[in-house]
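What follows is chain A paired twice: with chain B in the first complex and chain C in the second.
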Partner chain A sequence: MKINPQLKEELKKHLDNEIQKSKEKIIIFSSYVMGQNEIDALLGCFPKLKQCSVDNIVDTSIIGGIIIQYGSKIIDLSIKSALHTFQKKLYEIN
Partner chain B sequence: MENLGVDPKLLLAQLINFGLFFLLFSKFIAKPFMQYIESEKKKDMERQRVSELALKQEEELEAHKRKISDKMKKEFDVAIQDARKDALELKKELIKEAKKEAEAVVSKAQEEMKVARELMEREMKEKVTSLSLILVSKVLKDYLNEDMQKNITARLINNLSQSKQPLNEN
Partner chain C sequence: MKLIDQYLEQIEKEIKQSTFTAKTEEIGFVEELRDGVVMATGLDNVSFGEIVEFQNGVKGYVIDLMEDIVGIIVLGDYLGIQSGEQVRALGITLSVPVSDAILGRVVDALCQPLDNGNSISPEKMYPVETIAPTVVFRKSVTVPLQTGIKAIDALIPIGRGQRELIIGDRGTGKSTLALDTIINQKSENVICIYCGIGQKNSKMALVSDLLRKQGAMAYSVIVSASASDPVSMQYLAPYSATAIAEYFMDKGKDVLIIYDDLSKHAWAYRQISLILRRPAGREAYPGDIFYLHSRLLERSCRLSDSKGGGSITALPIVETLEGDVSAYIPTNIISITDGQIFLETDLFNAGIRPAINVGLSVSRVGGNAQTKGMKQVAGRLKLDLAQYREMAAFSQFESDLDEETKKLLNRGAKVTQLLKQEKNKPYTLAQQLVVLWSAYKGYLDTLSPEDVTVFEKKILESLKIKGMDIVKSLTKEKAISEEVEKKMVKFIVAIAEIKK
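Entry: the complex of A and B
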């Protein structure tokens, strides 16, 4: 199947824009509303992300800890994730 | 002789009569009769000979029959023995094969049981861990208040800042 080259180019541009936008934005998932000092302290650990805008989304299902989403990357430091890791380890025993 | 009551003429006539009678009898009656007796005797002998021959043949036939019967019996015995031997071997072979098949079935069943047990254990383990995870999640959700959650976040940030290679380098 041949794709129209113009359409292909448009799609590529659109995707590049979306990636660029997502790279400029950080989403932090936490189980409570994080204070600005906490967000600043967290961004202090990631110097390259200091210029990006930050969104804090409350998600009680993560139980505790935080999840940082940056572009297509996700840093999961939640208790829910730790429990899942623990569960996987339990499966792997024997 | 007359005094004794014997008439010589009559005696002579009787003698001539007797002579004639003897002559005629010996010529016309005794000879064919004797021939008849001889032929009957021969026939009897022939009959006896044939009878003896038949008896002999019958005995021979009987002996032959007995011989054939013995031979057949021996062959039958041999065939029976062979058949028994073959049947015994076949029986042994069948038993061996049946044992082999039974062992294979038992082995397969044991293997299936083992697999089923392992599957069941795994399922049980998964269920137990899932349930444990749900329970722990529930307990933690109920137990952790906001201060505790803030403490956790602070500890996380502290750990991140202390790590030699910060995650933004990836």
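Entry: the complex of A and C
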């Protein structure tokens, strides 16, 4: 079976596009559903992220604060991680 | 024991120092978990050799970067990791904490203590993988490293900054040789690092016990990745041991490092490579198995004076099967090192211990580093032994031999007997010089082989009592001057007469 090289090329382009789109998407984890004005105010602090589409996911396990995820990067501003670093510090003291 | 208040005070201090900032972190997700190796997606901007952290706090080491997947070896218990779990890149390359406090400690491949002591407070962090010093920063090997073993110091001398392979079958005394060398560094101002790779924990306990008993722990570090540790640790152990050595070398110190043993290290790397599905080559070792050891051993060198003049002397150990030095890993390492000490089962069983095969063992750079005194006596000994080996082979069939041959055979047998040495009893330079000199001058020729050992013991005993001035001048001058030689003649003749 032969695959039309043009088809292959187009599929590749499409997949690349999809990946690009998912990279531009931001996911914000918070402990409650955030209002639009809150999200706007938040993104105001990160000029790089202004143009992206935003998803808000509620995750109560982070206790408070937010986690912003874009592409393979995260900005962790949750209480859970703050407690975690605190815990680590305590163990390191001897 | 600290009071709880002191602890609280310190905690308060630590927390006041830390500030809460928003920082961007690189993350990925565990896709697959194989034996000790994790394949993760995401982590788009991670670099080779970077440290990642799993959710349960276990660290990992990036060792494979593919188009959309990252191969990570887990530095610790991998059983707690689940697929789908988040992985955080820490943005640092693997390095170990080092300070002078590490002397006398038993640590694992990441410099975490294994001896129930406090964790090592880092003075500096040294990267586990570094590029070896370049040509301009190096100096040739000129200072001897005294092993305290007569056969080695006389015939296969090792210099500071050299890499000398110890090779032989199991149970031929390879580790013993290395440990004796550590014990002998007591007054030599050399830092010793013993790196156990894939060894039994019982053996590591014996090693640390022996070094402690001999008072050698004060200037030694033991890095252990035992057979039960994850292969990732066995793979990293020699590199972190070298990182510790580099810390001391950069301070201008001379360091002796022992890798026990590199064949197990090659196995560990083979396992990792096969799990990562890298193409397998000869004996299923990956293609970069040579580079694995060459980049490790290249880091041993003598630094030039502008860099502090420190050195790392490496004694890697390799185990052979049935004395086969032409196997894959042994030939690789033989070609990297500056010579080898070949130990043989037959010699060991014949009671010649250390079981060094003097014919197959060489030292390519150590000759320049040998002390003058040793050169004076060893040159002749080498020749004697070489002729003896040749003669001994075919004289077995001859019944009547000429006088000259008989003399040669007799001398060779006595020297072979003299080069035997009990374990954990290294000789000082002066002791070696006097004993070997007596053979060189032919004082042993009239003795029977059993008497040679007795005679040697006598020499050592009376050296302590009557020969203090000989020892003093030999240690100071490191050569046999005419004046000392006269004294030595008197000294040996006196002992020989008591014997009669």
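Definition applied: the second predicted complex is superposed on the first by the 75 of 94 C-alpha atoms of A that agree within 3 Å, B and C clash if a C-alpha of one lies under 4 Å from a C-alpha of the other, contacts with A are read in each partner's own complex, and residues count from 1 in each chain.
Note that a residue touches a chain if its C-beta (ideal position, glycine included) is under 8 Å from a C-beta of that chain, and two chains touch if they have at least 3 such contacts.
Just so we're clear, the structure is a prediction, and the values are computed from it rather than from any experiment.
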| item | value |
| --- | --- |
| A:47 touches, of chain B and chain C: first, second, both or neither? | first |
| Contacts of A:64 with chain B and chain C, given as first, second, both or neither | first |
| Broader residue contact with chain A after superposition on the shared chain, chain B or chain C | B |
| Chain B versus chain C as contact partner of A:77, first or second or both or neither | both |
| Touching partner for A:38 - first (chain B), second (chain C), both, neither | first |
| Which superposed partner A:30 touches (first chain B, second chain C, both, neither) | first |
| Touched partner set for A:90, first chain B, second chain C, both or neither | both |
| Residues of chain A contacting chain B in one complex and chain C in the other | 73, 75, 77, 86, 90, 94 |
| Touch list for chain A against partner chain B, complex | 30-32, 34, 38, 41-42, 44-49, 60, 63-66, 73, 75, 77, 79-80, 83-84, 86-87, 90-91, 94 |
| Of chain C, residues touching chain A in the complex | 7, 10-11, 14-15, 18, 20, 22-28, 42-45, 57, 118-119 |
| List of chain A residues in touch with chain C within their complex | 69, 71-77, 82, 85-86, 88-90, 93-94 |
| In the complex with chain A, residue positions of chain B that touch it | 125-126, 129-130, 132-133, 136-137, 140-141, 144, 146, 148-150, 152-154, 156-157, 160-161, 166-168, 170 |
